[in-house]
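Listed after this line are the structures, all set down as structure tokens.
Here come two complexes built around subunit A, the first alongside subunit B, the second alongside subunit C.
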Partner chain A sequence: MAILGRACLIIALGLALYGAGASIYGARARKQAWVESGRRAVYAMFGVVAIAFVILIAAFIRSDFSFGVVVDHSSTTTPLFYRATAAWSSQEGSLLLWVFLLSAWSSLILFVLARKGKLREVAPYATAVLCGLGGFFLFCSIFLANPFGTLANPPLEGAGLNPLLRYPSMMIHPPALYSGYTLFTVPFAFGIGALVSGRLDASWITSTRRFALAAWFFLGLGILLGARWSYSELGWGGYWAWDPVENASLMPWLVGTAFLHSAMIQEKRGMLKVWNVSLVLAAGVLAVLGTFLVRSGILDSIHAFGASTLGVPFIVLIAVMALGSIGLVIWRRASLRSEHRLDSLFSREAIFLLNNLVLVGLCFVVFWGTFFPLISEAITGDKAAVGPPWFDRYTVPLALILVLLSGIGPVIAWRRATVSKLARYLAIPLAVGIAVPLLCLALGVGHHLEALLMFGIGAFSLTVVAQEFVRGAGARRAMTGDAPPAALLALVRRNRRRYGGYVVHAGMAVLFIGVAASSTFHNQRDARLSPGQTTKVGGYDVRYVKPTFSVADDHRNTGAIISLGAVLDVSKNGKHVTTLNPSRGYYPDLSQGPVSRFYQGESTSEVGLQAGLRRDLWTAIEPDTTQIDRLAAEADRKFPNATPQLSLFIAGTLAAGYARKPPPATFRVIDSPLVTWIWLGGLIVVAGALIALWPAGLRARRRAPAGYGARVARELGRA
Partner chain B sequence: MDFLLVLVVLAAVAVVVAWPLYRAARPSPGGPPEVEALEAAKDSKLQEIRETELDYRTGKLSEEDWRAQDARLRSEAADLLRELDRAKAKEG
Partner chain C sequence: MDPSRKRKIRLVVALTAAVLLASALIYTSFSASSEAKSPSQLMAGAQPGQSYQLTGKVANGSVRHEGSALLFRVRDRTDNTSVPVRYTGEVPDPFREGREVIVDVQKQGSVFVGQKDSLVTKCPSKFKAAHSS
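Coming up: the complex of A and B.
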């Protein structure tokens, strides 16, 4: 099947080249048959890439060790779910996933537009861009990171999936991120198409808006899942470390957020055309840059970049995308002039503009912080690290302004707000926004200005959203006489984009309150304890009751054969609060001796977590296995030819010995408030995005023969 | 076996891609780009009229400001409908 897989990639590359050529020729020569043929090449590319993708997944599921990539990233002992998803843990598989998703979204947008007969002048050029991007990734897949490379002498067992990745959301995280990245290339391609064809009205934005929103949704979901994985699996107790991989996904998300707001101004007012097309093009370039950062090896060192086979081709692609975009915008600058001017600084347009500047500013900070170490290494030879304090210094004030604007935006009218009305409208949210930090101070929360400001601004923003729903439903009731729930439902159904957006604002406010509280007021203690000993953290007494162990009892289904852990009793003021069970799972390393292989492989932390709306108690353990390692090495020498059963028996006996006479273990204990608000806020954001994404019902489009004023009224009544 | 499957995939791809080049041309749905742009502008304008009314009804705009904005937006929408009719008539 490897031959078929490889052939599918080559055929797909041929289709990408043909699709680009046929589309451009069809558009230039005005030959619709060639344009359609080019579009069908994209559908066919999706089909053959899907075949290749299925072949690769099947090889992982069947543990077909004739595939080199399966040997390196899976094993027979890897649980089925992780075998099925291990493909994208490899460089080769992740590139194939990229091109699979790209061809799927490309086919979808081209199919939808062709069926409706929309963007006929723009679509052929967009098809060519999408084919070009698909062709690039297929080229990399075929010549630089081929997933269908085979081994002449397949081994009996593979290396297994990296244990850190054996976490359900971590296997969904890459497809979500890649869906975001690839979906951002759709508006990018249509932006290029609009510039080349000169069709620069808002119709290309309207037609691709849902794809931009879907890209934003998936990228956000991927970021959230990554943060959750970091918190639950990595054993350090945090959810965001300003790691370049995290930053890589945040940058296009920030620019995408800016575009989703400013696109509304172009649709309504014909303004900000240069800005909008630049944002779309930047989001597309940043999406590819994100993939490049993760896949080129440049993050490890500027020198690793040189050794990577993917580095130079990616740099060339990004340079072509960026310089080409800039060139096209300059070329079309005359056609990109605004049709109107800003009516007033007291308008939603002005707030959106400010919000855009803050978002782009944030993106610039993240960009600079991510690339600074690489730039410094390239110039001085030393890698100067930029840590979380540097990022916090700039991002915290910008985040405060952003949440404040997300509260002001919904209450201010388009074009020109009535100032007296605005002041009256803001009275209650402002009162709540001032009362909340004062209340926090009165309750003795602490004098942390930035956190208190975020609580106040977050509360202000949440009150605005609540007020919007109440007033909107009230207005609807006054017009229709519906019951409150029906009025609320009808209000949201008729204005999905607006009210979905408000739900997103509420979710972001909840999320930021959680981030501010958990990062400012968390208590952390690292302690080395023997059974019976206690450590204190944030007013809690955490007592190490007893050690635990398990052998061949993989209840989390991750493939860990041996697990060493602890029972921790948590109490406050002498009253029992909860019992926590942190543990560490050990994954066998078959290159080691028959017994020590059970302890010398990789190990991962399984945290003991008591999550609540008010606070999380988070614990991790690092057992001291010095004694076990010594005894295991001795057993290796005594039983060099031990059967697997005997080896496991001895390894299990050593674990039981550890539990009988436990050495002190190292614990990390964290008491952190409102962490759950981050996940809750993320879920609210997801719900809001889904409301905004949900398609509206089809509008009746009958032709009305009446006068134009009456027709406007009639069309309004229908919609 | 693999070789045969490759041939089948190649044949299927060739048929899918080449089909439009050999069959008779079909009229494609949708109007010319000018009509499409005007339709998009009209939809945006109607949406703006609705949103302005919602802003008024939820207390963000005074009645006076709303009436002035609404009249201007309706006049712009009527202009767009007129242009749309003209563009469609030109298309035939």
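Coming up: the complex of A and C.
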């Protein structure tokens, strides 16, 4: 099967090259048959890459150890659920996933456009770009990181999936991120197509907008799932660390957010053409840059792969994409002139522009901080890095401005607003925005200016969104007499993009409130405790009641054979609050002695978490296994040829001994407010994005009759 | 005011603001950064009180606990030159002997004291095993 998989990749590379050539030739020679042939080559490329991808996944599921990549990243003891996902924990598998998703999205956009007969002049060049990108990744897969490499003498067992990745959201997190990255290449390709063909009206933006929104949605979902994984699985209690690989996914997301706003200005007023095409091209380059950061190992990161052979080809690709983009924009600058000028700084266009500048500023901060080790080495000769405090210094004020603008944007008029009308719309949100921090102060929440500002601005933004829904539904009711829920539903259905966007704004406000509260007001304690001892965290008494252990009882289905943990009793003012059960799972390492192997392999934290709307109590344990390690080494010497059953029995006896006479264990206990708001906010954002993405029904797509439009305008009467 | 003159003033103000902000960003990144050093570079000339980002591998047989502190040595990737590190705070799950680590340290006497919660261990499965073809 490996030969078939590799053959599929070679055929796909041939199809990519043919697709690019046929599309360009068809466009230049105005031969539609060649253009269509190029498009069909993309469909075929998707088909053969899909076969290759299925072969690889099947090899993982079947534990086919003739595949080198399966030996390195899976094992027979890896649960089925995780064997199916282990493919993209490897460099080779993740590159194949990239090209599989790229070919899928490429086929989809080309199919949709061909069916609608749109962008006939732009699509061939976009096809060539998509084929070029697909060809690059296929080249890497075939010659530099081959997923179908085989072993002459396959071993009976593999290394297994990294235990840290044995977490349910890991099934979705990488495909979501990669979907985001690859989807951003679709508007990138059409942006290049528009520049080359000279068709620079808003039609290419309108046609690819849904793909840009989907890219933004998937990338955001991937970032959120990654944060949740970090919080629940990594044993440090945080959700964001400004790690280069986290930053790599954030940069295209920020630029994509800017584009989704500024594209509206081009669609409505024919402005910001250079800016929009630049944002789209930048998002595409940053998406590939993100992949490069993970694959090259050029920056030190917990995620980064070791130094690999992919660095130079990726640098060449990024340079070609960036320089080509800049060159095309300069070449077409005359055709990219705005049709209108900004009428007033007091308008929705100006607010959107400011929002764009803040988002691009944020992206620049993240870019500079991420690449600073390389920049400093180039300038001073010494590699230096900046830490989270440096990132926070710039991102916190910019985030405050961003949330504030997300509140003002929906209510300010296009072209020119008046102070009196804007003040009327903002009176209630402003009052709420001022009242909330004052209330927090009165309740003794604390005197942290930045957090209080975020609470106030978040409340302001949330009130604006609520007010818009109430006003919109009220206007609808005035016209149709619908009941309030029906009016609200009809309102959203008639304008999914607008109201989906408002829901996203609400979600972001909730998320930022959660980030501000949890990062400012959390209490953390690292304590070394023996059973019976207590530590205090944020007004809670946390008592180490007793140790726990389990042997061959893998109730979380992660493949951990042995687990050592603790029962913690949490109380406040003498009253029992909750019981937490943090533990640490130990995964066998078959290269070690027959007994040591149960403790010397990887180990991961299973956190004890009491999550709530108001606060989370989070705990992790690091048992002291010094005594166990010594006894296991002794057992290895005494029973070098122990059967697996005997080895497990001895290892289990050692775990029981640990529980009978437990040494002190190290605990991390965190009391953190409003963490749940981050996940809730994220879910609201996801819901809003889905509303905006959902295709409008035929009725909703029809233009509203003139009379209806006039009545809506009257009811909503903007400034 | 003439609209084109107004636009030029706006542009100059915006560009000036952008240049000032970028300058602040660049200046603070150099002043707030920690130099990345290998153990042999630190051995050769680390200044007491200055922060460094130490990168290398955890030396075999060097890890032990002392109360809530974790003591270990970090060695060069290519040879066995190593420096002692005393660290308190969260220890990442993948931390163990032979693993690649990054930790922010300051020299205090003969020991390098790790900044709390700054220890990062690279994800082990992300390195290709030797037997892979």
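One rule holds for everything that comes next: the second predicted complex is superposed on the first by the 684 of 719 C-alpha atoms of A that agree within 3 Å, B and C clash if a C-alpha of one lies under 4 Å from a C-alpha of the other, contacts with A are read in each partner's own complex, and residues count from 1 in each chain.
By our rule, a residue touches a chain if its C-beta (ideal position, glycine included) is under 8 Å from a C-beta of that chain, and two chains touch if they have at least 3 such contacts.
Just so it is clear, the model here is predicted, and its values are computed rather than measured.
Visitor: Look at where subunit B and subunit C land on subunit A after superposing the complexes, then choose clash or fit.
Guide: fit
Visitor: Have a look at where A:475 lands relative to subunit B and subunit C in the superposition and call it first, second, both or neither.
Guide: The answer is first: A:475 touches subunit B but not subunit C.
Visitor: Between the centres of subunit B and subunit C, viewed from subunit A's Cα centre, what angle do you get? Round it to the nearest 10 degrees, please.
Guide: Value: 140 degrees, nearest 10.
Visitor: Between subunit B and subunit C, whom does A:527 touch in the aligned arrangement: first, second, both, or neither?
Guide: After superposition on chain A, A:527 lies in contact with subunit C alone.
Visitor: On the A-aligned overlay, A:561 touches which partner chain: subunit B = first, subunit C = second, or both, or neither?
Guide: A:561 sits against neither subunit B nor subunit C.
Visitor: Going by the contact rule set out at the top, does A:631 touch subunit B (first), subunit C (second), both, or neither?
Guide: Neither partner.
Visitor: Check the residue A:666 against both partner chains and state whether it touches subunit B (first), subunit C (second), both, or neither.
Guide: In the superposition, A:666 contacts subunit C only.
Visitor: Should A:390 be classified as contacting the first partner (subunit B), the second (subunit C), both, or neither?
Guide: In the superposition, A:390 contacts subunit C only.
Visitor: Touch check for A:162: first (subunit B), second (subunit C), both, or neither?
Guide: second
Visitor: So if I take every C-alpha atom in subunit B and every one in subunit C after superposing, what is the smallest distance between them in Å?
Guide: Between subunit B and subunit C, the minimum C-alpha distance equals 20 Å.
Visitor: If I apply the document's touch criterion, which positions on subunit A are contacted by subunit B in one structure and by subunit C in the other?
Guide: Touching subunit B and subunit C on subunit A: no residues.
Visitor: Where on subunit B does subunit A make contact in their complex?
Guide: Touching subunit A: residues 2-3, 5-6, 9-10, 12-13, 16-21, 25, 28-31, 33, 36-37, 39-44, 46-52, 54-55, 57-62, 65, 69, 74, 77-79, 81-82 of subunit B.
Visitor: Under the touch definition given earlier, write down the residues of subunit C that touch subunit A in their complex.
Guide: Residue list for subunit C touching subunit A: 3, 7, 10, 21-22, 25-26, 28-30, 32-36, 53, 55, 65, 67-68, 88-94, 102, 104, 117-118, 120-129, 131-133.
Visitor: Write out the stretch or stretches of subunit A touching subunit C in their complex.
Guide: 68-69, 71-73, 89, 91, 149-151, 155, 159, 161-165, 234-237, 243, 300-306, 308, 341, 345, 361, 364-365, 368-369, 372-373, 376, 382-387, 389-390, 393-394, 526-528, 602-605, 622, 624, 626, 666, 668
Visitor: In their complex, what parts of subunit A are in touch with subunit B?
Guide: 1, 3-4, 7-8, 11, 15, 18, 32-34, 36-37, 40-41, 43-44, 47-48, 51, 114-121, 199, 201-203, 206, 267-268, 411-418, 420-422, 424-425, 468, 471-472, 474-475, 478-479, 495, 498, 708-709, 711-713, 715-716, 719
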